[in-house]
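Listed below are the structures to be examined.
Here chain A shows up in two complexes: once beside chain B, once beside chain C.
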Partner chain A sequence: MIWEFDLIILIFLVITAIISLQVRDLLSAAMIFGIYSFLMCLLWAEMAAVDVAFTEAAVGAGVSTVFLIATVFRTSRRSSD
Partner chain B sequence: MEFLDSISGKFNYWVYIVLMMIGLYAMISKNNLIKKLIGMSIFQTAIILFYVSIGVKDGATIPILRHDQVHHTHATEYHHEITEHTSTTVTHSTAAKEKHTESGPDEISINPDDFANPLPHVLMLTAIVVGVSTLGVGLAVTQKIYREFGSIEENEIIKKITSDQ
Partner chain C sequence: MKILGLISICITGWLLLSAVSDFPEWGDPHSPANSYQVSQHYITKTFAETSVPNMVTAVLADYRGYDTMFETVVIFTAGIAIIGILRRYDSSSNTINKPESFTEKPKEDLIIRTNCRLLIPIIQIFALYVIAHGHLSPGGGFQGGVIFGASFILLSLAHDLKTVQKKLPEGRILTLAGTGILIYAGFGFATIVLGNNFLDYSILSKIMLGTPIEARSHSMLGVEIGVAFTVAAIMFSIYSNLVSGGKMKEGL
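Here is the complex of A and B:
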């Protein structure tokens, strides 16, 4: 565990979480949530949990982003908050 | 100074609390159903962050054995097997026994402190998959709601339900 990486990734993690909840365009929210998942994946790899890291990269960042984008295209793209 | 140490040394745990509260806030106060589901996913990943942080050790590497370590363990296992079967196949086993006598049990040096604890990793592997399936079910229900009410905003849906009655 390298604490410099840890600190930087955790700070970016909180920033992306807040942005993805605050942005009003739902497609951008889905994409920023994908960035959040990839940062999580980097954090697992840095914390010596490689199996969790590649599951998060494939399932968390890949599949859940696709699910969110598909739902945004089938429903409305605007959000009131 | 002790206060600063408690923040920097346990930064993972502070951030996990912050992320958890961000997710909880989104689930409660956001009107958009997709925003609520994003909040739920953030909440789940915060819990996974907590569990993986438990398994971290100072100066530990990934929980995978190096090639030479694996070779040593296999050699001793083979050695034990051979000693059990000595009575049946005498001629074959004595040769194999002599071949593996040098790598006895004393030479294995697998220290558990050198590896991160893999137990929370395995548990959280399941949690990630469960998290994605809950997100999928939630998004499917969101699409159904949009087809029924023409909106994914909670206050508009509630307004339509109350006006129908």
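Here is the complex of A and C:
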């Protein structure tokens, strides 16, 4: 485990998590959540849990982002709160 | 109300952070999870017992096969629940209003269609590779199934939902999803019929022509194929229900 690499990923992880909660446009929130999943995937891969990283990349960053965008397409794009 | 939420988040976060110091070091061989005899057994004996190099798949599909079978059932149930909630068969009523932010859909784009035509076969072959090599390298039925389902999602994004439904009607999707669980459970019942415990694959060597150790490896592949069927079908089913508001006619 390389701590510099770790630190960069974790900082971006926190940033993307906060932004995806704060942003009003739900489509951007879904996209940023995809980035969050991809950073998680990098973190798993870096911790040598390649199977988990693979699942995170396929399910978290790939399909669930598509599901969220599909839901945004059918409901409303603006967050109400 | 927001301040109350902030205070509760701060307290919970402080509790979680104060518990971090009690965790064992990352990769510590003497941590409870690594030194317990069950994990020692998996680490040292997996290859000798199952001839599967990927320990994770061996634990998922063989040692804890019962668990993975019901994980697949969970995915199937989630897909059925989404169909139950969203699917609507009457075409006349339009209760779900179209949001104003998405304007009328543009004409089908030549560049996107050509790209998808090139990409989808590669994605599907990669998905099959991931499924088939699940017991040799990282991957397996879940990941490969999701990638395979994603290739159909890409096809419906590039063209539209109707194009995919010509090739893969709704009934066929659900049949495939059920078939996956049936394959998995079939392996379990075959082991019972031959006289072993449920999902104890070694007895299948009587059918599969090989040693019991090889039978475990081959059965893991068969089980992964079953998982992949269910996951791929349910992923596309969830997507098509979400994107068309349950009407399965239009969509992104």
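Definition applied: the second predicted complex is superposed on the first by the 81 of 81 C-alpha atoms of A that agree within 3 Å, B and C clash if a C-alpha of one lies under 4 Å from a C-alpha of the other, contacts with A are read in each partner's own complex, and residues count from 1 in each chain.
Basically, a residue touches a chain if its C-beta (ideal position, glycine included) is under 8 Å from a C-beta of that chain, and two chains touch if they have at least 3 such contacts.
The shown structure was predicted, so the numbers you read here are calculated from the model rather than taken from an experiment.
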(request) Have a look and say if chain B or chain C is in touch with more residues of chain A. (result) B
(request) Once the structures are superposed on A, label A:73 by its partner contacts, choosing first (chain B), second (chain C), both or neither. (result) second
(request) State whether A:55 touches chain B only (first), chain C only (second), both chains, or neither. (result) both
(request) Applying the touch criterion given at the start, work out whether A:47 contacts chain B, chain C, both or neither, answering first, second, both or neither. (result) both
(message) For A:63 in the superposed arrangement: first (chain B), second (chain C), both or neither?
(response) both
(request) Check whether A:19 is in contact with chain B, with chain C, with both or with neither, and answer first, second, both or neither. (result) neither
(request) Check the residue A:1 against both partner chains and state whether it touches chain B (first), chain C (second), both, or neither. (result) both
(request) Mind sorting out which residues of chain A both chain B and chain C touch, each in its own complex? (result) 1, 47, 50-51, 55, 59, 63, 67, 70-71, 74-76
(request) Using the touch rule from the top, collect the residues of chain A that touch chain C in their complex. (result) 1, 47, 50-51, 53-55, 58-59, 62-63, 66-67, 69-71, 73-78
(request) Show which residues of chain B lie in contact with chain A when the two form their complex. (result) 8, 11-12, 15, 18-19, 22-23, 26, 30-32, 34-35, 37-39, 41-42, 45, 48-49, 52-53, 55-56, 58, 60-64, 115-116, 118, 121-122, 124-125, 128-129, 131-132, 135-136, 139, 142-143, 146, 151-153
(message) Which stretch or stretches of chain A touch chain B in the complex?
(response) 1, 3, 6-7, 10, 13-14, 17-18, 20-21, 26, 29-30, 33, 36-37, 40, 43-44, 47-52, 55-56, 59-60, 63-64, 67-68, 70-72, 74-76, 79-81
(message) Taking the touch rule as given, give the residues of chain C at its contact with chain A in the complex, in rising order.
(response) 26-27, 54, 56-57, 96, 99, 101-102, 130, 138-140, 142-143, 146-147, 149-150, 153, 235, 238-239, 242-243, 245, 251-252
